[in-house]
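In the two complexes that follow, chain A is the common piece, with chain B as its partner first and chain C second.
Take a look at the complex of A and B:
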């Protein structure tokens, strides 16, 4: 049982992990506040799945420390596991079992198992309890795995690409469920996804991982408020190359420069604009633009 | 270990791998066919059973511990605990998972060997034909069997009993008799011995595979090497025995190794049971430690 309630549901410090000499994570540091929905973004091979597996206690880091709900995930007891729900990217379920039997089998392992939630979601996803899991589509299997992770009423829910094989309707239901869950009893949700519109809809914190390192980790509102694209144009003097503090990406487009940067105060643009004799225009970015520019950094 | 969880996990494993008993059942059927072939002598039969037993062990281990790829495929680098991801990320006790899965492994690997034991109950006796080519006195060979196999008896068969006038032919040339020694219950004892050896082999194979998790080449090559070497060695031994030079050396001191081993087994059953139980228990304890900590070894 939990002995303390740390401020962060997940804390990772200087975590590194290599596979066959290839670094998947390098000096990875992360703080996930309790009660948040944390959207975890990254390109393919950026290290998202490895980070999730380390947090779930399924892969051991070569270096660094990890605390999940105040405990090292490699020292998790069955009681600790009852507090953490995990949906893997490629969840392998017992294909020979019938759906109803799998739920009946898992329920006794979790004291907080929510039978009503299972019934509601099974009806909502139109899953036949009498069918063998192997006979169901990939999408339906994913929904079952999601129900299993949710029904245990975890304090921390780890979801790796949960909606990747779901159709639009099922995806919407799934997101509504996450939002409903958060409103109800406030678990922490750590959600990795490629579908940025989903993340933007539900997440309140964002982490962007690139090349095995966390580049950004902050509330979504702050990210959208402070990361901007600035268009510099009408140059008197061509700067040749572009280097600005806080810039994530600078690209030349004809006689213009488009710079994505952290802009705490618009006045910070005045000095460089004056030195180049250029005018500038600040543009808002959506999460997808921010993600692309930071990932291409 | 919570008993209800153990049985629940045992059922879960069956759900995971509902089809995995199919091939051991086929091996078992083949064992029944081979064991009913009375022309096979003990060594050849043991080699055949060694082959089926080895395949059953490799198959079962591959299916239960390495996701149905016959054990030749090492876990993918990013999915180190691929088949275990579901149970390892649930609130299941890992030790209980190991014991449940190992019970299925041993049960599945034992199917062909247990089938042989059951089949041997219908033909419990084994007949040893004494080679006429042996240099040494046949009496010495007979003495070995009579001493070491309780109830052994000599059986002499006239190879031409239905000739119309045997006495007339007897005048023309010496009569031909074939001598063999009948060993009561030897077939059942052989089957039990092979079952005992098979279970130790399964435990050691599990140790070998879980002990070399870090070395992917070992994971890929070991099953192949063992699948060739184990039955191959028994067959090679038998082929060597078939050469006339080898047969000439068949005397009381150089009897078929299998029979010598079986004679020893008959006289030391308790010791062997204790030895086997100890080896299997130690092997399982080691394997359990490796299994529950395997993510640290990948």
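Take a look at the complex of A and C:
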């Protein structure tokens, strides 16, 4: 039974963690509101998987505090653990076991185990229960791991690169399942992925991690509405270098500047444009553009 | 209901949905009193987050284009009050600004732009 209902499913404050002297996370702070689908993005080595493992209680931070569903994940009781579903980047399944046996083996560990959900997903993913797991494709094994994480009916679902080995059709089915969960008072979903088009379709919140800290954490709609690229051209006076408040990245090509920045109000460009005697145009960016420009800043 | 959504566009999904629904309502494709699909149904069909669909319906309601009827669903508003000139201008101004700045970039004279707009009106209303 849920024991508390904090506003945030995940709260991390000032979390640092190093491996062999190399910092994976440094002063990492995160808030994941309950009931959201939170897309967690970062380049390889940015600290995503370490953050997920800390949230799952598998890695202990060197410094900082973490609260998952109101509790320090390193102090999770069995009951707390049953409230969190975790699909790791590289799931380990018993390859010699038959699919049906694996589900039967896992079910008794979880009081909320949803047999009907398992039956429905096994049918919709067209998985043969009588086969040994090792005989299935990588994609099918991934789907089984996903079913295991869902069947326990968690309040928080942690998914580390869940769809990377799925083909396009299987990915769409998988996304629909995640969206289907939300429609019935479902869990908070914390999802890391390199497949930004998937994230763009389902996520309502976006976090971007770079160099071990969280650079961006906000609703996807706000991100797309306010992070813009501005092209300045026809300069009377070349500014030489480009420092603007809120700029993530500035690139120069000949007599043009391309600046990615936080634009709350287009009028904020009038003064700088006038002072350089430049003209400008504003371009919308999709999530991939925003991600690249923030990760490269 | 079929809407064309491109999640990889720089325009957020909620804006794409809002524009298409507003166009369908104002063009009469969705007539007064027509019922819109429920938020869950629509988000399932379009493979999108239900919060996004709910947000779009709220925006349409704020503009008076749809109304929520308790226990029944969402309907295109009947006998809509026409927008005031100021409200109309507020809605159209961003699109006008964009067209005008595009025209200036291309070196199109104001009188020529007015002629293009006149032709577009004639075409749409014919």
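FYI, the second predicted complex is superposed on the first by the 295 of 297 C-alpha atoms of A that agree within 3 Å, B and C clash if a C-alpha of one lies under 4 Å from a C-alpha of the other, contacts with A are read in each partner's own complex, and residues count from 1 in each chain.
Rule of thumb we're sticking to: a residue touches a chain if its C-beta (ideal position, glycine included) is under 8 Å from a C-beta of that chain, and two chains touch if they have at least 3 such contacts.
These numbers come from a predicted model, not from an experiment.
Novice: Per the contact definition in the header, classify A:250: touching chain B only (first), chain C only (second), both, or neither.
Specialist: After superposition on chain A, A:250 lies in contact with neither partner.
Novice: In the overlay, answer first, second, both or neither for which of chain B and chain C A:50 touches.
Specialist: The first partner, chain B, only.
Novice: After the superposition on A, what does A:294 contact: first (chain B), second (chain C), both or neither?
Specialist: neither
Novice: After lining up the shared chain so the two structures overlap, which partner does A:189 touch, if you call chain B first and chain C second: first, second, both or neither?
Specialist: neither
Novice: Could you let me know whether more residues of chain A are touched by chain B or by chain C?
Specialist: B
Novice: After superposition on the shared chain, which partner residues are touched by A:286: those of chain B (first), chain C (second), both, or neither?
Specialist: A:286: touches chain C, not chain B.
Novice: Classify the contacts of A:230 with the two partner chains as first (chain B alone), second (chain C alone), both, or neither.
Specialist: After superposition on chain A, A:230 lies in contact with neither partner.
Novice: In the overlay, answer first, second, both or neither for which of chain B and chain C A:68 touches.
Specialist: neither
Novice: Take the contacts of chain A with chain B and those with chain C, and give the residues found in both.
Specialist: Overlap of chain B and chain C footprints on chain A: empty.
Novice: Please name which positions on chain A make contact with chain C in the complex.
Specialist: Residues 37, 172, 175-176, 179-180, 182-183, 196-197, 200-204, 220-221, 224-225, 281, 283-289.
Novice: Which chain C residues qualify as touching chain A in the complex?
Specialist: Result: residues 7-14, 40, 43-44, 47-52, 55, 101, 105 of chain C touch chain A.
Novice: Given the complex with chain B, which residues does chain A contribute to the contact?
Specialist: That would be residues 19-20, 24, 49-50, 53, 56-60, 74, 78-79, 81-82, 84, 86, 88, 90-97, 101-102, 105-106, 108-110, 152 of chain A.
Novice: Per the contact definition, I'd like the list of chain B residues that touch chain A in the complex.
Specialist: Within the complex, chain B touches chain A at residues 4-5, 8, 11-12, 14-19, 67, 77-83, 85-86, 88-93, 295-296, 298.
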